[in-house]
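Everything on this sheet refers to the single structure shown next.
Per-chain residue numbering starts at 1, and chain names A, B, C and D are given in the order in which the chains are listed.
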Amino acid sequence: MAKLYFRYGAMNSGKSTSLMQVAYNYEERDQKVIVMKSSIDTKGDSYLVSRIGLRRKVDVLLQPRDTLCEKMGNLSGIACILVDEAQFLTPRQVDELYEIAKRIDIPVICYGLRSDFKTQGFPGSIRLLELADELEELVTICRCGKRAKLNARKVGGKFVKDGDQVAIDGNDDVTYESLCGECYLKYVGSILKESTPEVSEQSLEKVLKLTK
Amino acid sequence: MAKLYFRYGAMNSGKSTSLMQVAYNYEERDQKVIVMKSSIDTKGDSYLVSRIGLRRKVDVLLQPRDTLCEKMGNLSGIACILVDEAQFLTPRQVDELYEIAKRIDIPVICYGLRSDFKTQGFPGSIRLLELADELEELVTICRCGKRAKLNARKVGGKFVKDGDQVAIDGNDDVTYESLCGECYLKYVGSILKESTPEVSEQSLEKVLKLTK
Amino acid sequence: MAKLYFRYGAMNSGKSTSLMQVAYNYEERDQKVIVMKSSIDTKGDSYLVSRIGLRRKVDVLLQPRDTLCEKMGNLSGIACILVDEAQFLTPRQVDELYEIAKRIDIPVICYGLRSDFKTQGFPGSIRLLELADELEELVTICRCGKRAKLNARKVGGKFVKDGDQVAIDGNDDVTYESLCGECYLKYVGSILKESTPEVSEQSLEKVLKLTK
Amino acid sequence: MAKLYFRYGAMNSGKSTSLMQVAYNYEERDQKVIVMKSSIDTKGDSYLVSRIGLRRKVDVLLQPRDTLCEKMGNLSGIACILVDEAQFLTPRQVDELYEIAKRIDIPVICYGLRSDFKTQGFPGSIRLLELADELEELVTICRCGKRAKLNARKVGGKFVKDGDQVAIDGNDDVTYESLCGECYLKYVGSILKESTPEVSEQSLEKVLKLTK
């Protein structure tokens, strides 16, 4: 029975390139795919665009309120469903994709960010992490040369810790930088500040002192 | 720099056996580990017990309100931190483990369930899925012989779809069965029923009809 | 310490695209890479060419007799070494790459075929499979829609089982098709015919009969 | 269609424990497995023994000359075939296992060493690395705390670089230690010494000097 895949990675890890390569591999075999993207990602409009220079029209541009199955209709002859920016799917849409994979036997491959600039999941990525049959990571490079797994947001070139979960790259002076865990803690700050009472941070400092 | 690992798997996938094997491998090398477990899991009390016959005392029994770093103290000479039943960690405790891995350079390996009997994540597993450096799956076998990835709950031997997220195996007539996605949909029912308005299910049925 | 990676996949699994994406990710960060290719692969001469439309000049074109370290010289400031068509490396060259990764702390990522049209390894891929720190698979699609892992050779459009290990795609009427295991056994034939005395095949037939 | 798995790891990485856990998971489901071991491994005779304390009788003890299919007979009702010490299989036996997986649809899971004390593959492991559908690594710990992937042999407590490929742990003063790549190069010596003319080593030294 077909699987639901979640291929996650930080910004600029080549997710769109990888999606377009998979689509290409199917089509070269004369097998039909459906390419979807969430409309929340306004970059490229109804096109997938990869920084390395590839470009492809999207078949379905999804709104958060869409019932995915209504957008689909007849899926006969479809070999694979590919979704870009899948972090913006609603949990309901992910559930629909899971049932399509299992009940119609069509593999569904979702590409997306795992977490936002505060290291918290997006609604779509949390549901995919909970449910997908296969979790596969795409990696990119941190400024230090290590593997970058986290996304940091900059406004006007400076790292920020506050703001809305969604702010599209390039709008309102917002940019992103993919960082490894160490560089994130160093340049953006402790993740305890975000999620926990002060006591944790003080305790951590105590452990750090004792241990060194 | 050390990593935070999340090794997830359905019930009875050998998570405790694997944890005890890793602890054994370190200790055979005269390297010291800390083994932790959440107190929410009352099975075995302060012991890890694997069905295959292994048994080991836990070093730290964690309460949800615990500041993990306060429980720790001096970590000098610790080669690895191992956590069982990590789905019961609070997000804050996961954040603490991440900072320990990155700032004190001690690998942290968490074993736990990915999702509950309704296919929804636990607070600890969601945070681990969002943040862990490596996500690694342990698999077990469904009644049909395929890989089981989901957990189904039975009360009095019958699959149920409602109830609290936490109900310990063996108490109050509750048992669990690990299932593959297809068998879950077949025996427990659609996951759309749980999370989505009726329209999704009707649309899915329509797609199913059109496609077949 | 840096790792030696072997990313293997059947023909047309997007190996060169993936390599160029990784190089792009480094260079976007102003980090320098070296891209190498074996001269045995005459396609594209000193260029990497991917079917999807990407193209890039190779920094080092390796001959089988080359001592790789002699070709290298000063590696200061190199963030990563990338090798395409790595199945054509000699075992000695793989050993050199391993020592470079471990002793100079530069990650080395090799892309290549795992096996030839008879399902046997190439000298370079066998050495990489034995030694690389990480083995990562790139997948492509079989004619049946499943994951293709094997390479079948055609001469004049017909599957063949005999011939030299190396015959470049496009020359002398030679083409290749990536197949899954089942389709390979079905269209090309049993792999027992290749490697084993007749008794195995007869025994297998007996087991097949008994079991069904 | 069923897969052939190769789960490889250095000495003491918990391969036999993992195999016995998988067998246990099947049998708990009332599903039947066959457990095989090569007779070249004389430890434990016809028992699998794991250091952590588990023990299990082997169903089939394989000789190198055995035609595996002849040993098998009727496979009806077998849910899985499990092989320990699979590095000692002959390539022919691996081919037989592959055809069984694909033609009778029974998953075959092979556990074994990837390479010998000179970092060279065993006949069985090379064939599995070339052919298996899934390559999965089991890791253990080096004396330095990193992941150990290589096997070093000691005679009378001293690392050696020469000797036969097979020498069973415990016989004739032979012991093994699992090491990471760096520790192997440091304590056992360069792998170039083994496989390559002197020129490589001199060139490597030159690169090392230039680069530092």
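The working rule: a residue touches a chain if its C-beta (ideal position, glycine included) is under 8 Å from a C-beta of that chain, and two chains touch if they have at least 3 such contacts.
Note that the structure is predicted; figures quoted are calculated from it, not measured.
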At minimum, the number of touching-chain hops separating subunit B from subunit C is 2
Per mean C-alpha coordinates, the chain lying farthest from subunit C is B
Subunit A and subunit D have mean C-alpha positions lying a whole-number Å distance apart equal to 37
Between subunit A and subunit B, the Cα-mean centres are separated in Å by 23
Between subunit A and subunit C, the Cα-mean centres are separated in Å by 29
Touching two or more other chains in subunit C are residues none
Pairwise touch list, complete, is A-B, A-C, B-D, C-D
Contacts from subunit C onto subunit D in the complex sit at residues 1, 67-70, 72-76, 91-92, 95-96, 98-104, 114-115, 119-121, 125-126, 129-131, 133, 135, 137, 146, 149, 180-182, 185, 190-192, 194-197, 199-200, 203-204, 206-208, 210-211
Touching subunit D in the complex, subunit B uses residues 12-14, 17-18, 20-22, 24-26, 28-29, 31, 51-54, 79, 140-141, 143, 145
